[in-house]
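Here it is: the structure, laid out below.
So that you can tell them apart, the chains are marked A, B, C and D in the order they are listed, and the count of residues begins at 1 in each.
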Amino acid sequence: MTKVFDFKEVSKHNTPSSCWVIIANNVYDVTSFLPSHPGGPKSILRLAGKDATADFDPIHPPGTLSQLPPTAHLGTIDPSTLPSPLQPALPSSNTNNPIPPPPTSLSQCLNLHDIETLATSKLPHKAWAYYFSAADDLLSKSLNRTVYSRILLRPRIFVDVTKCNTSTTFLSHPVALPFYVSPAAMARLAHPSGEAGIAAACAKYGVAQIISHNASTTPEAIVAAASPTQVFGWQLYVQTNRAASEAMLARIAALPSIKFIVLTLDAPVAGKREHDERTATALSADVVVGSGSGTGAEERAARAEGGVGKALFAGTAMDLTWSATLEWLGRHTNLPIVLKGVQTHEDAVLASRYPGVKGLVLSNHGGRAMDTAPPAVHTLMEIRRYAPGVFERCEVWVDGGVGRGTDVVKALCLGARGVGVGRGVLWGLGAGGVEGVERVFEILKGEVETCMRLLGVERVEELGMRHINARAVERDIYEEVLDLKARL
Amino acid sequence: MTKVFDFKEVSKHNTPSSCWVIIANNVYDVTSFLPSHPGGPKSILRLAGKDATADFDPIHPPGTLSQLPPTAHLGTIDPSTLPSPLQPALPSSNTNNPIPPPPTSLSQCLNLHDIETLATSKLPHKAWAYYFSAADDLLSKSLNRTVYSRILLRPRIFVDVTKCNTSTTFLSHPVALPFYVSPAAMARLAHPSGEAGIAAACAKYGVAQIISHNASTTPEAIVAAASPTQVFGWQLYVQTNRAASEAMLARIAALPSIKFIVLTLDAPVAGKREHDERTATALSADVVVGSGSGTGAEERAARAEGGVGKALFAGTAMDLTWSATLEWLGRHTNLPIVLKGVQTHEDAVLASRYPGVKGLVLSNHGGRAMDTAPPAVHTLMEIRRYAPGVFERCEVWVDGGVGRGTDVVKALCLGARGVGVGRGVLWGLGAGGVEGVERVFEILKGEVETCMRLLGVERVEELGMRHINARAVERDIYEEVLDLKARL
Amino acid sequence: MTKVFDFKEVSKHNTPSSCWVIIANNVYDVTSFLPSHPGGPKSILRLAGKDATADFDPIHPPGTLSQLPPTAHLGTIDPSTLPSPLQPALPSSNTNNPIPPPPTSLSQCLNLHDIETLATSKLPHKAWAYYFSAADDLLSKSLNRTVYSRILLRPRIFVDVTKCNTSTTFLSHPVALPFYVSPAAMARLAHPSGEAGIAAACAKYGVAQIISHNASTTPEAIVAAASPTQVFGWQLYVQTNRAASEAMLARIAALPSIKFIVLTLDAPVAGKREHDERTATALSADVVVGSGSGTGAEERAARAEGGVGKALFAGTAMDLTWSATLEWLGRHTNLPIVLKGVQTHEDAVLASRYPGVKGLVLSNHGGRAMDTAPPAVHTLMEIRRYAPGVFERCEVWVDGGVGRGTDVVKALCLGARGVGVGRGVLWGLGAGGVEGVERVFEILKGEVETCMRLLGVERVEELGMRHINARAVERDIYEEVLDLKARL
Amino acid sequence: MTKVFDFKEVSKHNTPSSCWVIIANNVYDVTSFLPSHPGGPKSILRLAGKDATADFDPIHPPGTLSQLPPTAHLGTIDPSTLPSPLQPALPSSNTNNPIPPPPTSLSQCLNLHDIETLATSKLPHKAWAYYFSAADDLLSKSLNRTVYSRILLRPRIFVDVTKCNTSTTFLSHPVALPFYVSPAAMARLAHPSGEAGIAAACAKYGVAQIISHNASTTPEAIVAAASPTQVFGWQLYVQTNRAASEAMLARIAALPSIKFIVLTLDAPVAGKREHDERTATALSADVVVGSGSGTGAEERAARAEGGVGKALFAGTAMDLTWSATLEWLGRHTNLPIVLKGVQTHEDAVLASRYPGVKGLVLSNHGGRAMDTAPPAVHTLMEIRRYAPGVFERCEVWVDGGVGRGTDVVKALCLGARGVGVGRGVLWGLGAGGVEGVERVFEILKGEVETCMRLLGVERVEELGMRHINARAVERDIYEEVLDLKARL
């Protein structure tokens, strides 16, 4: 005679050491079957101690249960003891809707877009506006994203992809992943842990981090807890007051975790970031009211200050030149120099020939400086076409618009050695502090590995032009034409 | 004197053997006129026994009724017996709206988009998400569709198109239609009849079917009721546990209905199908609550399992290589081998030179593996340009994004021999079981025939490049460039 | 002393023979000033007898009124007698909205899009669906429109454009305008006046008209009231029952107004016009209910009948061939033959070499036959590139997607002699009967004349390739490539 | 012992001469620190006399306050006296929304789009419609804007951009900025100050102004208050009544502020500006009702008058020709002649060879004349390709679609010397009178300077083709092809 179970009894067997499931009112002990389940043990354990009928039935061929040993069939369930069916986990209004509901927790974030959505729902307006904003009409910010989507990948078959190695080196320093944290300012606007929180996540995932000149935490504090293998760079905006810059370089020299200087050149003046400026405009209304003498002129003066972005540029030198600046910098640091903000092949050639310059970052400053400046992918392709020798003399890194692991891989195929992620990391910090940044790295690392395996590539140095079809972008990049004068 | 009829009397004459209609209050017997009606008998029979005034009047020249013999005029109707006018069949809110209301029955489905809409309204979320999902941002899924719409057709005139023959052969096996059922997994999620239900519809329409390795019904059950002329293939994902694969190949060898093996190569690891994974995320929330010890880490572990898609990939081998795998496979099957997932002309050339390989499927796995992988149309055009000899050595099939009969014809013009339909068939199954799949085949067959006739083509083997203008796609396909190394 | 007027008195002077206006509470008699007003007399007459202050003030420089003779100042108005300000003529919800409110009368229709909007609001669903519908996904219908918008015009300066002559000849018959009425079927669905109503409007504007084979009025009735200079063509769909076609040709031979036969070749079978078919589906539901024995199969059979479109194709021959059909036709008509539906340069060459063929219509049947068939502009450019001699041997007409006078002019620049308008005329008929069609012609004529003048062109025969920039389209047209066979 | 302050006391110290702030309940006197604050003094003064904790905390590294001298720490605040936190300045419904709320004051306008939005909310319908309207479907108006966004900029690094000089000369007359006010008509529709108001703003910013032939203020009144260095041009539409034009030229000759004549050629007839015409249509309904005898024909006649635009064209000559017109003009003016409305390189060549013609304006009349006429950028590139000598013989100016400082710079890079802004200035006038126009100039000047600095350019004459990537536009410009005749 078959034993009849109460649901309360069955529900206790919900562990790997005793795993029961109910299927069509029968109770089975599947503990010994867990290791050999074709779908893996977890998909059963998720249903351990429960009525698995709805999940089991549709995806198993008839006769599957007869493959279990007879002893696994323990008996039947008393249906009156079964709980009422679970509520659907997704709100019914979203059933079968291609657009998923906005995530409300880190664990619901499957990609970097989800992370941004979650951070947007949590951040104060001023912080959000500072991170979100880009110059003018956001055309470069948008182009930074879409240019990657226009490059197709070319997966190869019959390659053993059991192993996948994402490690590389930046200026000879080993890193676990080919992407790094771009020098984005003001991390504490997003979370109290700030740049030090980012550093903690970097330590866990072996990711390099470039500390912003405008970090909201001192460099000393950021690197304080760094592991010995952790790689940092430090971003320099040369100040009009050179002595201030020299003092900072001296402080950096005392921090052995910092391996290189990233001299930023793409923003001698602040771009016009209107989302950010509107915050200031809104605040200024309050100022004027407070002063009791508001006029249009005063209001405009307040507005003219701009937002967080413009404040950060106060004091930045506008008089940098190739020889004078690089010689001055050589006198004040022994670290390798990386030039950030290269946007033409002409400047890439010039930069790559300067002693002391070991790397370039092709960057339009995340679209925040000049609107309609070229995306780094354009500059990368421009250098490939007109000045491929640059890749021999320097490491070439890129940033801007990286939202998927496939974007990272595409940049590597085009010749980039490192790929910077800026906003994505800050959104991660805003979405969940250190854990949020870790989630960003976990997502990107998983996407890079899946992409490499599907391409049939084991190591990042194998990636090349044969793995992509960039023709839709190729036809848009700069073409050297004889200038007007030459034709007359 | 004219006879006056009651509507009840007239309404009985609503058959081909006695067909009366009321026009402008006169009653006519048009039975003998049915065969010679320029618009065909059905358009009259639809109005048999009814007041046809509104339908008749606008489309017939004056004097039409006078062409009827006088005896056809039976008399007049007693207007008081007429029913009140019919309600409009379409909801008034949709009157003259270019966007039709969503279909609520198979008979309202005029195309495959309607079929998907109907299935979406009927399927449980988990099944819908599994079928709908594709990798990352669905760019390849979308491109699979749009690439067909960018190819124009070139209709020829003055060709006798009385006959239209859609039959062809796949690896010498005759089939009635040039499209086939792609090996899409888990049909029972959509309908209890599952893959066997699809097979029944295939039998009726003479369509070939490739049985998924992850079918939710055993191959034996699927082919059990097959007709002797029905053509099946069987999809193989090689398992890490080779013995399991060898056992399956032995089972397949015992099924004479299965004519070839389709070795799938485009997904050594699962793509990141987020719609599918979100289902698991939603479910996992419940698991964690149930275990009483939910933490972020546990939640993420649950999520990391992914959805139905990832479960199916458990156990799939990642170590396949050209020689080793094809030699092993040759030892365990005598069937012709078709390699699925070829996405570059380089691999097409390699594949076409291996003995035992008789066919290729150009496929990006319905956009489900690598996002931004090329649509099959790209690979087809790549092979045409760089390696046309492949078409001589192998049959080349394609799949992905086929939603119209014109898409099938375009692929054939480009050199494909067979065109796989995956999601469309599953949506058909979800929309209406076996009858739903039949409706899919009926629609596609009708569209293919109309397209061939309008092109001025009688047989599928006549289709060629002269029937299409693919220039808008041609300029986007891969161009071989010298790699960086070669230029330095 | 200044006289004070009552508004009632002023308001009587609202004619060209006595025109008073109020400006800033002063009353002026501007009758004698009317002929010399820089803005023309009408803009004053519109305000005659009224308070013109608001209209006058913003657009006239200060001191303008002092240029009037002193006697023109009659006195002042008693403000208490002024009516309250007029309500704004546009609903306030639409104030300063780039999207205008839908027109509710012919006089509010400024362009053909307005005409379609107005007709859509007035037509019964069945008629609307028949006119609106096109094949499959409406891609060709849409491309027919957008291809014109991608061609730019090249206006020339310093050309005397006082005169503008839009007249031309079709097969040596003079017409006043270079556009004609395409043979669109079933005009009585739109308005009881049907094709005869269109003919009346054509008479007024000197427009040629091609009578549809499926006209809802007999050809005799259509041409009955034609003026002696009016030009008609008659469209022939060859019937399976050739005797029926021969009988029709005999009837046409008796109508001297009909100058040529337009043999339609682009639709040997009906295209799949889903908007039209949905009407039938909706109606069929009723049929099945009525028969009391509804099943899915019966419903589908009813649906398979299609809409108005498919009914019209019953009996159309599918076995036409170059020699047999053209010889047969030559035996049954002495009129010049125009072949409609040419969509490739290959067929254009073949057609232009047949004796008896005097004209071609490049047409994809308004996008109603084959979806993704090329727009006529493509075929025109194809012929220009590969077979320009065609233009010497035949007149080349085009149709499809013409919505603006600039579209007409662009087609003429590309080498077309006549430009067919089909749906636009039917929408005009639906929007307002004969007057609606006249409004369509008035709009298009005005737009053609403005376009010619702005181009600096007096006569249509002067238009040429130098007046357009079609490069954005040029790169998409068909390119002859060696077929696969030739490359192996 | 620490002093405890009342908030009322602290709030009095809100000036540069005594500036206190509260941070984390401590009160600091930061007056002496203001000049050396890295973010500039204003960002502190904004918070003077207030609780600055929220603003200070996130963006300063720990330890920042310890850099203040101990005496700066005055004491603590009595928290009970603090005001409740400020309401967020942006409406909560707009929090973290990429689309900002519409501006309600000039100070909230950060760009020209904001200015248009504000003006749209303030202008009467007739004025808005006249300014907003463009020909037909607004395709040229739209293309004028988008063509700029498709041109990318190429920023150079390591250039000293301390200085930025935007001055240039127009026909040897120095101007402070490379953009000028296009001759847009009817400024008093927007604001009572009209064209004289625009002139006042021009005086302040050193901007040149072309006075419209259809100005709503007399030229004498416009230039009355001009500064001696201010540069004006005067637009001429030659009248059918040449004597009227001659009289106007005589009046212009008496105004030394006017330096050149701009002969407009791109609109011998009015374009079809439907937004403008709909205003007239709406008004005409009223007219007809008033006359008591409304019929469709009368209504249409009223409509045919068109809007403001058509009224302005009454009397414009349509019979201009190269020799006759330029000779006539030479007899009636001694001023240099600028030809406006050149849209082809052929006309640019002809124009540049006429003595007396010193400048060209490449213009499609703001998209208001011929729809699908080329944007000025196209014509500029056409001249560069086919007739670069034009730039040697004439100054080449452009207008149409300029909405950003980057647009101005791009046009200069392509070879334009001056860049006209029309609608933008009128929207400024509508948004805020003289101050609104000043705001437009202030915005554009700031954007031009930022763009030049980010490009690494100090003076406008340095700008050239090497600073832009116009390849995406280049492939769409006119290509000379052999005309049909030549090929036969």
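The working rule: a contact is a pair of C-beta atoms (placed from the backbone, for glycine too) under 8 Å apart; a residue touches a chain by one contact, two chains touch by 3 or more.
For reference, the UniProt names are A, B, C, D = L-lactate dehydrogenase (cytochrome).
Everything numeric in this text was worked out from a predicted model, so none of it was measured.
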Computing the C-alpha centre of each chain, which chain sits at the greatest distance from chain B? D
Classification of the chain A:chain B interface as same or different, half of numbers criterion: different
In steps of 5 degrees, what rotation angle do you get fitting chain B onto chain C on the CA atoms? 90
In whole angstrom, what separates the CA-based centres of chain A and chain B? 38
Please report how many Å separate the Cα centroid of chain A from that of chain C, as a whole number. 54
Between chain B and chain D, what is the gap in Å from one C-alpha centre to the other? 54
Two or more other chains touching the same residue: where does that happen in chain D? 475
For this entry, which pairs of chains touch? A-B, A-D, B-C, C-D
Which chain C residues qualify as touching chain D in the complex? 14, 37-40, 42-43, 46, 49-50, 57-63, 86, 88-90, 95-96, 98, 100, 105-108, 110-111, 149, 151-162, 384, 388-389, 391-392, 404, 406, 415, 435, 439, 442, 446-447, 450-451, 453-455, 464-466, 469, 471-472, 474-475
Please give the residue numbers of chain A that touch chain D in the complex, ascending. 120-121, 123, 125, 127-129, 132, 136-137, 139, 186, 188-189, 215-218, 221, 265-272, 274-275, 277-279, 281-287, 290-291, 296, 299-300, 302-303, 305, 308, 311-312, 314-315, 318-322, 325, 339, 341-344, 346-347, 350-351, 364, 369-374, 378, 475-479, 481, 483-484, 487-488
